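Quick notes on the structure that follows.
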Amino acid sequence: MSAIQILGLEKTYTIGFWRKRPKRALRPLHLAVEEGEIFGFLGPNGAGKTTTLKLLMGLVSPTAGSARILGIDANDPRVKAQIGFLPEQPYFYDYLTARELLEYYGQLSGIPAKDRGGKVEAMLQRVGLPDAGDIQLRKFSKGMLQRVGIAQAILHDPKVVFLDEPMSGLDPMGRREVRDLIEQLKKEGKTVFFSTHILSDAEALCDRVAIIHLGELRSVGVVADLTSSMHGKVELIWQGAVVPASIRALGAECHLSADTMRAVLAEDKQDAAIDALRREKLRLVSITPVRATLEDYFLQNLRSENAPSEVMA
Amino acid sequence: MKARISYIAANTFREAVRDRVLYNLIAFALLLVGAAILVGQISIDIERLVVINLGLTAVSLFGMLIAIFIGIGLVSKEIEKRTLYTMFSRPVRRWEFIVGKFFGLAGTLVVNTFLMAIGVFAALLYVSHHLQKPDAWLLVALYFIILQFLMITAIALLFSSFSSPLLSAVFAFSLFVVGSFAEDLRGFAAMTKGVTRWLATGAAYLIPNFSALNVISSVAHGEAVSGQLVFYNSAYALFYAALALCGAVLIFERRDLK
Amino acid sequence: MKPARGTTVIASILLIACLSGTVFTLDRVDRLRTGASLEEILYISSPKVLKRLSLGYDGLLADVYWTRAVQYFGHKHRSNPENYKLLAPLLEITTYLDPHLVVAYEFGANFLASPLPDGAGEPERAVQLIENGIRANPDEWRLYYNLGFIYYMEMSDYAKAAHAFARGSERPGAHSFLKILAASMAQHAGELETARMLWITTFESTHDKQIKSNALAHLRALKVEEDVTNLEKLVARYRERTGRLPASLNDFVSAGMLPGISVDPTGRPYKLMPDGTIEVRNPDDFPFITKGLPPGRQAPRPDFGKLKMDLPP
C-alpha cells in the first residue's frame, strides 16, 4: 500500500469576479509515495506544489481526480488524525503562546488530555524552543514560527508528514536542524512528503523526488537516476596563470584563483586537455569528476520553457 | 465532535479576551456612572427611567457592535491569515469550526452582557436606593438582548463565510437597522398587491425581526412581558440563528481556502 | 475538499426546517403583539425627540410613521373600536417629521374629524393638524379645502368653513368647486347639494385610496337618500291621484310619472314596500345611508376594499 496515492488530481481556479476566467494551477497529476519514504516535491515558485498540498489537505476542492492517504480517501476525516501539515510560511493565532497553540492543536487532533502536556513539552524541546513556550507568538521571529510550525505538524505523532518549504526562512543552522529532524522522522518509520525549490536540500535528503513545472509533472525518480542522465564533467586545476589556446578550444570554463587555474570541461575532453597541459609544461594539480546537481537538471531541462503554458497554448 | 466544538469555542473566547474586547466594559461603566450622577441631580421619577433606558440601550448597542465587528472577522480573518491551513489538516470538520466560532462569540457576549447587567442594577440601586419588584422584568429585557446577539452573531458569521470584512460589516449593520423596523416592513408589504406582495412579504419575513425583541421602553415603565412572548421570541431567535448558521455552513463547505 | 455530502444534506434540511420555524414563530409573535409597536410610540411621543433620534433620516421615519398611522386606522376600523387614541399622535408625529406629507393631513381631516366608529371623532385636533399643515404648505389648496370640510361637516361652523374655502380658492390650481362652496356655504348650509359638492371635490382631489372610497361611499349614500326621498314623494302623489298605493314601481311608468324604473347606484331597481316606503335591494352595498333601509336596520360599516371606484352621475 502506498502512503500517498494521487490519481489524476487536477485544479483549475476561476479568477475574476465579473468576468470569470479559468486559471489552470495543476494538470492531472498521478503520483505514488511509498511508506517510509522521504519524498521531495520539487519545482520553481508557482509550479503547483502548494496547490497539490492544499488539495491533499482538503483546503481546496479538486476540479477532477482524487487522492488516497494510507489507503483511505483523503477527504475522509479519519485520515486527518494520521497526517501532519506544515504550510508555507506558517501563521498562527498570534495571541497564543507557543505552549497554548500546541495544547490547542493537540486537543483538536484528539490527543487524550493526560498525554497532552507531556507531548507538548517534549515537542517544544525537540524543535529547539524549550524556553519560548510562554511567549506570545506575535513576538516570534520567522525562524521560531517555522519551528512552531514543524512542532504542530508532528505533535500528534502522524504517520505521514507534509511539509511545504520547511527550510525557507531559516538560517543555515536551522536548516541543518530541520534536515536532521526529517531524517529522524524517517527513522521513526514516518513518510515525509516535502516541497522545496531549494535543490540541495532535496538532494541531501530525498529517497525519491518528483519534479513539477507549470502545473505539470516532469519526472519522478531517485535523485542519482535523474542526474546520471546528465553528461558528466571534470574539473582540472593546474599551476600558473596561463590557459593554453588548445584547452580553450575544448570549450572549458576557466577561472584564475591565486596562482592556480581552474577549468571545468566535458568528461570526454579530459585526455585532450591533459595532453595540452603536458605540451605547455604546466603542472597539473588535480583532476576531479564534477557530480551533476538538480540545478543542472533544472537548467538543462526547464530553462527553455519558462513561458507560461497558457500563452503557449 | 462535541469536544472539538467546545475547544474551538473556548479558543474564540480566549481570542476575544486577549484582543481586549472586554475593555468596552470600561466605556460602559463610565457612561453609566456619568448618567447616574447626572440624573441623580435632576428630577425624581424620571431618574429610574433614564438609567434603565440608557443602561439597557447601551448594553444592546455595545453588544451589537462587538457581535458585528468580531463576527465578521471570525471566518474571513482566518482565511486571510491562513490560520485555517493547520486547522483543517486536523480532524476538524468545517461545520464544527463554524459552530464552534458561533458559540465562542456568543459566550463572549453572554459574559459581557452579564457584567454590564450587574452595572445596570448597581446604577439603578444608586439612583433609587432600592430595587422594586417590576425591576425583575429587566432580566427579561436583558434575555431578549442576548437573543438578539445570538441572531446578529449568526448573521455576521454568515456574511463572514463569503464576503470581505468591510462588506460583511455593512451588510450585518444594515440588517440590524432594518431588522429593528421589521414590523413596519411587514406592514409595508401587507399594503402592496399581487406579485409585489408575495415578494415583499417573503423578504419581510427573511429579515431578522428585532422589533419584538426590544422591550426596553416597556420594561422601563415597569410593564410585564407575557410568558408566551418570551417563549415564542426565544423559539424565533433560536430558529433564526440556526438558519443563518446553516447558511454559513453550506457556503463555507464549498469554499476554496486559497 | 469536496463538500461532505452528509453535512450538505443535514444542513439543507435544517435550513428549511429553521426557515419554517422562523415564519411560524414570527407569526405567533405578531399575533401577540398586535399594535404593540404602536403602543410603544407612547414612550417617545414627543415628535421633537423623535426627529433628533432619527439622525437626519426624518423623511424615512415619517414614512414609517405614516404607514403605522394607516395600518393602525385600518386594524382598528375593522374591529369596531371605542376610540382611535393613537391616530392623532401618529399623524402629528408623521407631519412633524415630514411637514410636506400632504396626504397625512388629508387623512387626518377625513378620519380624525369624523365621528366614531368611522373616525376618531376629534375634529378640534384635526383642525389643529391642518392648521399646522397650512403653515408648512401655504400654497396647498387641498389643505384649506380640508379645513373647510371639517368646519362644515363635523363642526357645522359655516362661517369658518366659508372663510377656509375662500382662502383655498385663491391658491394656484385650486378646484373650481371651492369658489362655489365658499359662496354657497352661508345660504345652503345643510343642503344635499353642498354636501355632494364637498364629497366630489374630496373624491377628485385625493390620491389616497381609503379617502377616495370613503368619499365615494358618502356620495352613493347621498344619491340613495335623494332617490328615496323623490320616490316616496311620488308615492304620495300617486296616492293623491288614484286613492291607492302603487303596486310596483311600474305603476309610475304606466302613469307617466317616471320615464323608467329607478335604479340605485349599483344598478339595482329600488324596492317598493307594501306600506308605500322605498328600500334598496341590498342594504349592505350602502354604508352611511339613513333612508331606504328596512325598518330597524342600520347602515353597514364601509368596507373600503370592496367599493368600486367610479363616480356616480
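Letters A, B and C mark the chains in the order given here, with residues in each chain numbered from 1 onward.
As a convention for this text, a contact is a pair of C-beta atoms (placed from the backbone, for glycine too) under 8 Å apart; a residue touches a chain by one contact, two chains touch by 3 or more.
Note that the coordinates shown come from a computational prediction; the quantities given were computed from them, not determined experimentally.
Trainee: Could you name the chain whose Cα mean is nearest to the mean of all protein Cα atoms here?
Mentor: Ranked by how close its C-alpha centre lies to the overall one, first comes B.
Trainee: Looking at contacts between chains, which pair has the highest count of C-beta pairs?
Mentor: B-C
Trainee: Can you compute the centre-to-centre distance for subunit B and subunit C, using the mean CA position of each chain? Integer Å is fine.
Mentor: That pair's centroid distance is 43 Å.
Trainee: Between subunit A and subunit B, tell me the centre distance in angstrom, where each centre is the average of that chain's C-alpha atoms.
Mentor: 48
Trainee: So what's the Cα centroid distance for subunit A and subunit C, whole Å?
Mentor: 84
Trainee: Scan subunit B for residues touching two or more other chains and write them down.
Mentor: 88, 93, 254
Trainee: Two-or-more-chain contact residues of subunit C, please, as numbers and ranges.
Mentor: 1, 3-4
Trainee: For subunit A, jot down the residues that touch at least 2 other chains.
Mentor: Answer for subunit A, listing residues that touch two or more other chains: 58-61.
Trainee: Please give the residue numbers of subunit B that touch subunit C in the complex, ascending.
Mentor: 88, 93-95, 181, 183-184, 186-188, 190-191, 205, 209, 211-212, 217-218, 220-221, 226, 228-229, 232-233, 235-236, 239-240, 242-243, 246-247, 249-250, 253-254
Trainee: Show me the residue ranges of subunit A that touch subunit B in the complex, using the header's touch definition.
Mentor: Checking each residue of subunit A against subunit B gives 13, 54, 57-61, 77-78, 80-81, 83-85, 87, 90-93, 95-96, 104-105, 107-110, 149, 152-153, 162.
Trainee: Contact residues on subunit C for subunit B in the complex?
Mentor: Where subunit C meets subunit B, its residues are 1, 3-4, 7-8, 11-12, 14-15, 18-19, 21-23, 25-26, 28-30, 32-33, 36-37, 39-40, 43-44, 64, 67-68, 70-71.
Trainee: Contact residues on subunit B for subunit A in the complex?
Mentor: Answer in residue numbers: 3-4, 7-8, 11, 14-15, 18-19, 81-93, 254, 256-258.
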